Amino acid sequence: MKALINARLTLVWLVLCAVTIVSWWLGGTAEHHGHFVFSTPVTIGVLAIGLFKCRLIMQNFMEVRTAPRWLRLFTDIWLVAFWGAVLAIYLY
Amino acid sequence: MTATERTMSPPHDRDTMSPTDEEANSGIRLPGEGSMWVFVLGDMIIFGAYFVIFMIERTSESAVFLQSQQHLNQTIGLINTLVMLTSSWFVARAVRACRAGDYQGATRLTVCGFLCGVVFILIKIYEWSVEIGHGYTLASNDFFMFYFMLTGVHLLHVVLGLIILGIVFRELRRPTLRRASMVESGATYWHMVDMLWIVIFALVYLLR
Amino acid sequence: MSAQQVELEQPEVVGLPNSTNNITAQTISLWITPIIAAAFLIAFVAFPGFRPPMSPNMTAVQVAAFFGEHTTMIRVSMIIYDLLGVMLVPFFMLIVVQMKRMAAPSHVFAYSYLSAVATGATLFAVADLFWLVAAFRPGRSPDLVQLLNDMAWIVFTAPVGMFIAANICLALAIYLDPHPRPIFSRWIGHFNLAVAALVVPAACAAVIRTGPLAWNGFVSFWLRIGTFGIYLIVMFFALRSAITRQALEERAAS
Amino acid sequence: MTVVVSTPPTPGAEPDDYQRYRPKSKTDQWICWWSILIFYNLFGLIFVVLTRVMPPPSPHLSTGQIVHFFQVHSLTIKIGFGLLMVVIGFSSWANGLVVFHMKRMSVGSVWAYSYIAALAVGALPGCLFAALCFLTAVFRPDRNPHIMALLYDMGLLMFVGSLGCFATMYLVFALAILLDKNKIFPKWLAYVTIWQIVTEVMAAPVFIFKRGPFSWNGSISFWQGTVIFVIWEVCVVFVLYKAIREQPPRETDAGLLMRSASRIRARRGHEVTADS
């Protein structure tokens, strides 16, 4: 059981690290002759990965997955409201 | 611990170590103290407001922000994110070890998490000194104002987190002080610090 | 377990003398006050700006000329205030100590009094510094000398709130003390309220430039300072009798 | 600290005689509590409605605009801050009440005294000097405009930027609540207080910027800080209400000792069962 839980945590950690590197690579693609350029697809990608990582951390590391319903609701509402607001302001 | 003993003990017995006690009842439980969740959720709202204000300011000067972003070292940001994630991983495992009664393992993992936090601070200081060495300070432009203020207030949270992890370490070492709720609360806080850094990494370093 | 229980349920009486018992310290604090008050009186008479109090309607050039002319006496009198102004604090702390002895329901008013006195004393300490800075270079631009003089007078006269709040605290604490032989008698409470009421109008000195409410007017200057002087004298005797009684009671108890 | 003996008091003159007459009522605490409600509303009226210090006027006004600001608001500044000169003292009553309850905590008096000292200092730069600078400015409308601008900057920077006094107060308040075993105030209030320290940090750049979110009227340095402050103040008033209600009448220091002792005992007893 213990090994299984730790295996899950380790898997989460590996996924988090992997998507972090992906988002870093994504950021690097939005350049032109060594200068950063605006790129909506890259931004959306970065924000989506950010939301995904936040949710992974909250669900698994902070143990929201097994927490009471109000906490699960609150964190998910926060995730959607916050990242949604960021994206909306960016697109506006 | 038998059922009668449990009913006889005072209502705040959650302070003390009760491994597998709650998990046996049902899968649903709030890890750590409720008051810590007030802090963490409130902090998420407060930081959320900081980030939203950052985004609003960014739209009015997006070219300046984009150019200034280029002067940040993205790779250092990446390394710091990985350090922070690793630290969180250690601390999450420490909670599990503690719950399973493996206090030595929990202590060791907490120390690893703590050391990662220290590494994070050292890298951050190095990053700042490079930026300041290139002439970019708080007053340079609005982007660097946000960069230094957001990373600075986050660093303050890291320092507070290290103090909390220090308290957790002290409690884990002494059997009379051990409280599962304290270990869980400290971990909850530390994961929030990790999560806030992920948001900063996305918004300040990577957004295009 | 049971031995532990007994030990914990009967907390031992701490043998150290408790802080309110120190009659000597209180007596010294009390008798410092007349000395400080005498020095205050000397500084008051020595300050050219108080004989008569400077008018708020002096022009900047007149103010600068005044500081140029009386530099020495301004410095002497204000250095005395600077040195001794806050030495009235032990006197007010005596009142705090006696308030904590009262049979009032709790110590809240004693702490409130302490807090108010600390801020009030700081204000007093700042006012004379403005005068000293103004007198430091009387050749400064007259506008700046006038600014410093204005700030000094306003800080010296207007912020009466701390003194008022402290006096009301003391009055309420006295009224709430049901002891048949209270530490301060009832009329001290009435007296404190009256003093608080009398200094209220002085706040107008920050706003009004002519008449009795201006900082050189009868109400804001003479009435306020006179009231404060009488307050010190009355409270001196009230405290002296309270300390004497405390000493007698403690001797009788030991 | 007085430790009261529970032996029956002998008639006649003795130092603890006064303790016997201590009434069961909490009148003085309730007076202080109500004073917080009344005077914080009054302070709000003064700072928000009358003197226009909250929300603060902009830091990037020209000298001429500053003179104009003082001309337009001269009368209300005089009324508001003139009133403040009289009522400011009642802020100390709130301090007294909080300190009284902090002294009931199991952590001793160090932080209670630090709290009172930090706020006694903070009342000056954080509140009174803004008022005094503004009063001095409107006292002579014909003053040199550059001096008017100086008073404007000095008043507002002191008002928004006196960080340390309040950060110290928040720090000792949070620490005291966190370590207290008598459960005088709930733990969450300590965490709410830590946000206040963060807002003080976020207000530090007001000395650098004249525009934007970190200027003295900015969205982060002023608005967010003020919102969190109001939340904090409401929490403190509410928690004080509960603390006064729940305080046993005629509570003595010895009674408090017993309270924490029984908690320690309960915990020790629990550990015995947990270890076995």
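Lettered A, B, C and D in written order, each chain numbered from 1.
Simple rule for what comes next: contacts are C-beta pairs under 8 Å (C-beta built on N, C-alpha and C of every residue); 3 or more make two chains touch, one makes a residue touch a chain.
Computed from a predicted model, the values in this text were never measured in an experiment.
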If every chain is reduced to the average of its C-alpha atoms, which one ends up farthest from subunit C?
A
Need the CA-centroid distance for the pair subunit B / subunit D, whole Å please.
29
Whole-Å gap separating subunit C and subunit D, where each centre is the average of the chain's CA atoms:
22
Could you please state the distance in Å, as a whole number, between where the Cα atoms of subunit A are centred and where those of subunit B are centred?
15
For subunit A and subunit D, let me know how many angstrom lie between their CA-based centres, rounded off.
40
Mind pulling the subunit B residues that touch 2 or more other chains?
none
Chain touch graph shape: choose line, ring, star, complete or other and state it.
line
So which chains end up touching which?
A-B, B-D, C-D
In their shared complex, subunit D is touched by residues of subunit B numbered 1, 5, 9-10, 12-13, 15-18, 33-36, 38-39, 42-43, 46, 49-50, 53, 57, 138-139, 142, 145, 149, 152-153, 156, 160, 175-176
Residues of subunit A that touch subunit B when the two form their complex:
2, 5-6, 9-10, 12-13, 16-17, 20-21, 23-24, 26-28, 30, 35-39, 42-43, 46-47, 49-50, 53-54, 57-58, 60-63, 66-69, 71, 74, 78, 81-82, 85-86, 89-90, 92
Across the complex, what residues on subunit D touch subunit C?
1-3, 5, 12-15, 17-29, 31-32, 78, 81-90, 92-93, 95-97, 99-100, 103, 116-117, 119-121, 123-124, 128, 132, 135-136, 139-140, 143-144, 147, 151, 254, 257-258, 261-262, 264-265, 268-269, 272
Contacting residues of subunit C [partner subunit D, same complex]:
1, 4-5, 8-9, 11, 13-14, 18-21, 56, 101-116, 118-120, 122-123, 126, 143-144, 146-147, 150-151, 154-155, 158-166, 169, 172-173, 176-180, 183, 200, 203-204, 206-207, 209, 246, 248-250, 252-253
With touch defined as at the start, can you tell me which subunit B residues reach subunit A in the complex?
27-31, 37, 40-41, 44-45, 48, 51-52, 55-56, 58-59, 62, 66-67, 69-70, 74-75, 77-78, 81-82, 85-86, 88-89, 91-93, 95-96, 100, 184, 187-188, 191-192, 194-195, 198-199, 201-203, 205-208
